[in-house]
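For clarity, chains are labelled A, B, C, D, E and F in written order, and residue numbers in each chain start from 1.
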Amino acid sequence: MTTTDTATTRRERFEHGLDVLGRIDGEAGRNVLAALSDVSPELAHQVAAWGFGEIYSRPGLAPRDRQLVTLGMLTALGGCEPQLRVHVNAALNVGLTPQQIVEALLHSAVYCGFPRALNATLAAKQVFAERGLLPVLPA
Amino acid sequence: MTTTDTATTRRERFEHGLDVLGRIDGEAGRNVLAALSDVSPELAHQVAAWGFGEIYSRPGLAPRDRQLVTLGMLTALGGCEPQLRVHVNAALNVGLTPQQIVEALLHSAVYCGFPRALNATLAAKQVFAERGLLPVLPA
Amino acid sequence: MTTTDTATTRRERFEHGLDVLGRIDGEAGRNVLAALSDVSPELAHQVAAWGFGEIYSRPGLAPRDRQLVTLGMLTALGGCEPQLRVHVNAALNVGLTPQQIVEALLHSAVYCGFPRALNATLAAKQVFAERGLLPVLPA
Amino acid sequence: MTTTDTATTRRERFEHGLDVLGRIDGEAGRNVLAALSDVSPELAHQVAAWGFGEIYSRPGLAPRDRQLVTLGMLTALGGCEPQLRVHVNAALNVGLTPQQIVEALLHSAVYCGFPRALNATLAAKQVFAERGLLPVLPA
Amino acid sequence: MTTTDTATTRRERFEHGLDVLGRIDGEAGRNVLAALSDVSPELAHQVAAWGFGEIYSRPGLAPRDRQLVTLGMLTALGGCEPQLRVHVNAALNVGLTPQQIVEALLHSAVYCGFPRALNATLAAKQVFAERGLLPVLPA
Amino acid sequence: MTTTDTATTRRERFEHGLDVLGRIDGEAGRNVLAALSDVSPELAHQVAAWGFGEIYSRPGLAPRDRQLVTLGMLTALGGCEPQLRVHVNAALNVGLTPQQIVEALLHSAVYCGFPRALNATLAAKQVFAERGLLPVLPA
């Protein structure tokens, strides 16, 4: 856990983060890091070592709960369709159902309006299609 | 009108909204609903029943005025090019001229800056091209 | 539930929404509606009847899960401190702990950056102070 | 009009813009320029000379139509409550009624979500209160 | 410089802006203007005459400093990948190195979060690829 | 520097970050951390240890250049006036002049529009007033 005070090296923190990232985002997350390798390996390092190793790995919020917050943020930000696809995959990986994801994105219309909700829902649809999860039937 | 207090069913509210949506957005709007049918039919329902049936159908603001407000919002939000194309079509359908649309998007540069104004103007250009309205001549 | 097809009046939908809103947002939510009464009673109607009566009341996502998505969205949008205070109250009302709320807002730094995370955390702090929940001790 | 090719000086362009700004935004607009005088007189110059003298003064879109687009943009941007107050004043000055302004902001909920619509409506309420226009009665 | 008070014509201001734009943005900037020629020649005029002729040409901030501010803004706005590509080109043209650009975009993660930083970095990567500047080696 | 691979403890990384933060943001930055101490000490930790200790301390971009990027981002994000005040202070601390800061915020109008530029300029004005730097005279 991140609050222990054992000395760690930069490399150890990266390896730890990569492990957490792999369990949550899977291949989609590793592809993002690979795309950065020849342009900003430091950004790849920080996504893994800090984003996943420091923050995601904290025990105070369950992985599925983190994905719910994340889906809300990415929908609200707009222009984050690639990240939404990564995190719809992640949401499925940590136990949210397609129905719950779709419901969260419907809920987002109340706070972000329909355009953001539509763009996010169509990004989710792409992931569901790739994973053979269409049609999403009502719960 | 939405302020009457006649009892309506969910289906009747959807049919009413679909009728309003068809008159304003035309085929572009119906295509959005169709794309949602296998992933979030409830979002399609709410776009039609609430967005169009409840809000658009209110008499307090003319359809062309609603499109001016909408073009302003979609430009400012950013990342809403698909919705801008639907609503540039809608704006033409309810009586705004290409010159007025282009002028509204020029005006947006004052409040949103040039990148948002450029992205919106190029989205409008695609619609004008599809409808044979290029070049847009000065008024 | 919203998918039944019983005919309802506008007033019935409002009363239903008001009831849902009261259970989730409590007094903070009712204060928002009161502030709208002399300027846009229709907006107050739609917040209650549509936002709460139509969307919040759907069974597909638990109230606590809706608040996690909502906290993510409001943090990402920025400039929504009044709404964040209402929804931090709501999050506490539906069972999230101060520790979970604080953790969700820490998590938001990864996706929205520190300024949004700081503004949201300080908005939450105001609510915790009003409810006698400070200091928030580590879980 | 801005497309004529008569040579003008920087000062003439500022004076022209100031005249347009005064007619649309009135005292609220002049107060903004005054607040900038000891920190960024150039920004004050550009708001007047470019924003109003170059863009607002173009004949291709009526002043009331420009305010509809502007209300949409300021609502969508968020965090622009001071500017919203200036432009709700401007909207009243160029002939929009309180009812139309309120309706435009209700409409914004469809595209921007309720928090932005609420913040904008409460900013408008402040202006209506200052001008003795409350309550806003249904049309 | 813009603060002189020599009378200029609209055409002279455009020619001056075009000259400034050409030196900073090069071909990428001229392509943007060309794309606007049949839809909004006035927007093309204002980008050149005002954005570049009036603002960029001011001596108070060095061209490389303006690009640093601009990269920060375009990253934060989101949905501005086409403009980011133009301005990554511009940043290289005015003397920023690929390493400095990549570092500025890494820095943006602190304030805007990882999704915006990732989208901007991948937009920069496209420009670096086109100009044969990959891989970007650590400084 | 952050790329060395010496093992460090969490506390050491915090102390290092606090040192960097103190040199750049000074008292304004330390006040932010203090305000978090009873609600989210972990967020305070991450602002210092990661934001400043990991990112700000990297040698690839000069402190004044980081502030230019930061001013651009905070202006574009909107709703970040408290952070803008901290970073206008920081910008002065690392060698930018009031004239350069004001020019950077004028420049932001081109990309973010006037409302964001105005809000940022008025936030900067507050800092200049506190530090006895008004009026800002043309360079």
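The rule is simple: a residue touches a chain if its C-beta (ideal position, glycine included) is under 8 Å from a C-beta of that chain, and two chains touch if they have at least 3 such contacts.
Note that the structure is a prediction, hence the values are computed from the model and not measured.
For B-D, the equivalent interface among the listed pairs C-E, A-B or A-C is A-C, as over half of the contact pairs agree by residue number. Remark: rotation between chain A and chain B after Cα superposition is 120° (nearest 5). Inter-chain centre distance (chain B to chain C, centres taken as mean C-alpha positions): 28 Å. Centroids built from CA atoms put chain D at 40 Å from chain A. Centroid to centroid, with C-alpha atoms defining each point, chain C and chain F lie 31 Å apart.
The set of chain C residues touching two or more other chains comprises 3, 42, 46, 50-51, 55, 58, 73-74, 77-79, 83, 102, 106, 109-116, 138. The touch graph of these protein chains is complete, with an edge between every pair of chains. Interface residues of chain E facing chain D in the complex, by the touch rule stated above, are 2-12, 42, 46, 50, 54-55, 58. Every residue of chain D that touches chain B in the complex is listed here, in rising order: 3, 50-51, 55-56, 58-61, 65-66, 68-77, 83, 99-100, 102-104, 106-112, 138-139. The residues of chain E lying in touch with chain B in their complex are 32, 35-43, 46-47, 51, 73-74, 77-80, 82-83.
On chain E, the positions that touch chain A within their shared complex are 78-79, 102, 105-106, 109, 113-119, 121-122, 124-125, 128, 134-136, 138. Across the interface of their complex, chain C is touched by residues 109-116 of chain E.
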